[in-house]
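Chain lettering (A, B, C and D) follows the sequence in which the chains are written, and residue indices restart at 1 in each chain.
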């Protein structure tokens, strides 16, 4: 305002004064005219029948089929066949129940009978058949379906039968991530790659997408008028998209949004202190199924040497990483990689910070510093200088790792690149070390138990595919071969033993997901896959009694 | 060719020298900070204390998310920030000077071509391109300086060209030509000294632009995370909760440092520029 | 009847080098309808006097004394009152006409501006005035000239425009500050003729500032000679050119190509630290003992005003 | 004529640069298409690449690109699932409004205040004004945005935190626009102020100013009738460039204020290596810059007859 004062002084003479006042008025009138609403958000705060969710995911287009961010939200309007329960089991959602042939070649999904699309049409097996075929034929991510699903047919009135080309045990897991599409709408859409619908998207969940306004940054959900299930206790859900996590935090603190949600993410730890001071908020804190880990390029010396990997694992100060990078919202991991929240968790050796031991191992296994420059040499006699490839989000962690390794005599250079470059370099194995994280889906994809991150027989944007070991391949195949609980547990233990023994990656910490929510709502339910963003939760949430 | 000095208002000369003095002092302070960072800084900026400490006697500006002493970071940060700013400006000025000198001296086709190239560079959308290049090349601060320098020479080239056009028409240059001196000799011994006084202010303004650009790139996360520059400090202050927790001692000082340093450079540039009565142009 | 009394006008400039006394205690009268030529070498302060009359000096100038126009002291008028006089009652013609005109406005607009400012004429009317004025100034196609820009005109044409502007509102006094500087002889003559003709028509008085003795001799009624910020002699034009009194005047006339072509020895002194006593004494062939330590005061002698000890 | 030829050549080179630079970066539009959780099979990748024409040699792609440019066919984006022209059109509207207003206010305030300050005496009032604008000029725009956002939107809470609009009424849009327009206008105004001030100080010493005074014009009249027009010449080129950079100029402000405009689009497209979008944006920017420069030349000619004659 100092500017305005000075401006008015300067202009304080004759005609400019009038013009200046006019301009000021033009600017101020709309601000003043807005009447009793003192500020944004304060008035809105009163409504506790609309749930406002804040996210910082970069939703790019109004295409629920292909935009990976929006498809997470679209599960509310276009539920998947299967879902994950709060305790992590996969059960039916649109499917009432499933029958699987003993050779895992024939899957029969029985469909709920009282589901209606938001335009009044009944949800039929035809819709399911259409959706699966549509994904198989038109989605770039469903290559596996082409190799796996032979035919889709409808047996009687209410069952969809998938005849497979090869035995596949984890079809139900896959079916928890694909959204059901209304055939009568989507059958006319030939090129989903060029399709957006910012208006009403017909859905069959308890809520449907009323509007996707990306200029405003919101996805609006309204109640599905034809929903026959338990009636939701809230009227509408709004997803507000923020491009900046700090602004999101400010909005949360101000009460513009009621809860934070990012897929596979905790509320940023460093912002928690502030929101904890706000008495209107409460928190869901859960150890996630994921973790942050140091990936190693196993095909390259010295990372190919188990002794070297062991030494690295002793060089890292896990306690300090937890203190600094997760502000205490983490747990020191085990060598077995998987956190205890995963089914069939096996308690393996905890990782330990012991730089002396790290140095000892390095000395013993031929990585001594023979030329005395403070940097150890590899077996080829050259200084150990490793490239640590990271994305900007992990810049601080990289700084710590670099420091830990320096103090045991291993030199690293941090290369911080954007995601596309990271994927590109990682896929071409152009790194020595890298920092990555797992997602809830990543932990169960492929054969499960994080195998999807390491199996070099398959690639993907977020995975390292760095294990090229027949023993590991065998383990994956074993896991994929059965749905028998005992056998699965046995194989899962074996995988964890493999991680424990081989250290294909060094877990840095198991993280805790913290989700702040406004106490004007109660009855929150989360599941390990999608956190709070699941239908059970939105059916359960209710305005808190005052 | 030199116009008679315009009569100035009372006291303006005095005021000018005062603000120039301020600029020189500020500039020198930062320069000394950068030069003697290891002596002045109270701690090693990479030493880890407790994180998120508020200002205290031990840590005047508190500590950051990794527990680094912010004051020491700030002092060390002046090195990288100054290097990026000066490096980029040296490069930009060198390119601009050469292009402008040659275009202005040779005229004709050379001029057309060089000015055509300048137009192209002037019209390239700089910010997106620089983001693109910064994301593409490994983000070390030298690369950032290089990229900024490579894109920021156009206005220098234009000013130098018009000035050297003027100078090369002057008698002493014409006589040098008659005496058969080589073009290179004429350009660098006759024309160059007459241009230097308009180049220095441009150089200063380029330093300012480069520093602001470096800070902005760092803010987008495209900086060099292993280097402590003021821009990176602001970046981390924002990504690691400095703003939301109102830790002003973390994000305000580097911002102020950028402002103060840029201010000193710009002021120096202006006072030099006004002394020479050259056209004011900042872009 | 005199229309302009200048009394003890002193103008100093504050510069970085020190205080410059550009005009030192100058007094003279300017009669109605008279042509007064102020002559002197370049840098002697002639133009400063011209600018002081309309108070067009830069901010670092200090003025003292009085410039009486009618019953008003021009030096003590407000900017607003001065603005009414400028261009309307006292107008000025600068040297460098091309620089005096604004390069980005059409000639016609710059003339009509005068009518709009002083007469509050409508744009249509002022355009008509301007066109007719251009016609009278000898532009063959005034409509066309109206739409031209100063850069499209020659120096001489622009000078005509300036003269047209100076005469447009029938001012009482026209100040012409070296109007012919830099023009060739033929043009010079034409311009001067033009100036005189219109001056006669409008019954204005002309204050001509020039270093060109021929011009002064041809058109001036009276001549005032300046040296180093002071007026050293004022005389009727014929008297002055027939028999100059002041040694400086004599020296100057001798140095003209039409006479002996003998320059005065020495150079004009610095205006920051002028010599003690008579300003001219270091170069004066007829200097007396007193000249070197005492400043001569202006005295009246046989219808002239002279500043020299020889005539005491 | 020569000028037009030069513009065409510049256009050619810049449009070529727009083609090559994104392609030199590691990765391509398919690399980061579906997010970290999805596996895109090699078969699908090849199919998608073929659809985008990325399987062909670079030179063939380049020729095709020029064909598309000439037909003004910007193609479609895999990341945004829309015609590129449509994406750009929807974002351009808001960004143009944002930047257009800022350029308007920034130029108006900067030029007028700069002119007044350059014209007037160097009194405390002008000194403070100059110092104020100098400080603004020295502040990185993103930093200014963040501070303004924090103070006005969060601490005082009289403005919304993000976006172009909430309800879409005029009042609502005005509220959303106020802070970003303020920041952008201030930083534009600071530059324009400096330029105009310097320019006026230069013009102030010219003879035509003195002559205008001798004609009987008053101080302000001389400033706005005479000096202003001449002094604004250097500003015109810069404002033309501003108009050209309408698209990218607001990048930082858009990011801080979570505005889904062209700036964020560029950033997203860059990180996604979305060639069609990048090319489309750059093409639009290039055309706008070249056209704006061309217009500036014309305006320049209209204002200054001397320039016109030289042509």
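A few notes on this one:
Convention: contacts are C-beta pairs under 8 Å (C-beta built on N, C-alpha and C of every residue); 3 or more make two chains touch, one makes a residue touch a chain.
Here the structure is a predicted model, which means the values were calculated and not measured.
When C-beta pairs in contact are tallied for each pair of chains, A-D comes out on top. Averaging Cα coordinates per chain and for the whole protein, the chain whose average falls nearest the overall one is D. Rounded to whole angstrom units, the spacing between the C-alpha centres of subunit B and subunit D is 22. With centres taken as mean Cα positions, subunit B sits 42 Å from subunit A.
For the pair subunit B and subunit C, the distance between mean C-alpha positions equals 50 Å.
Here the spacing of subunit A and subunit D, counted between their Cα centres, is 35 Å. Within subunit A, the positions touching two or more other chains are listed as 250, 417-418, 421.
Counting partners per residue, subunit C has 59 as the residues that reach two or more other chains. Shared interface positions of subunit B, i.e. residues touching 2 or more other chains, are given as 6, 9, 135-136, 238, 243. Considering their complex, residues 2, 6-7, 9-10, 13-14, 17, 21-22, 24-26, 121-122, 127, 134-135, 137-143, 146-147, 150, 191, 194-195, 197-199, 201-202, 204-205, 234, 238, 241, 244-245, 247-249, 251-252, 255, 266-267, 270-271, 281-282, 285-286, 289-290, 293 of subunit D touch subunit B.
By the touch rule above, subunit A contacts subunit B in their complex via residues 245-246, 249-250, 253, 268, 270-271, 273-274, 320, 323-324, 327, 390, 392, 395-396, 398-400, 402-403, 413-418, 421. The touching residues of subunit B, counted against subunit A in their complex, run 46, 48, 51, 65-67, 135-136, 138-139, 221-222, 224-226, 236, 238-241, 243-245. Put simply, subunit C touches subunit D in their complex at residues 54, 56, 59, 79-80, 83-88, 91-92, 94, 96, 99-105, 113-114, 117-118, 149, 151-152, 165. Residues 6, 9, 11-12, 15, 112, 115-116, 119-120, 122-129, 131-133, 135-136, 208, 212, 215-216, 219-220, 234, 238, 243, 255, 258-260, 262-263, 266-267, 273-274, 277, 279-283 of subunit B touch subunit D in their complex.
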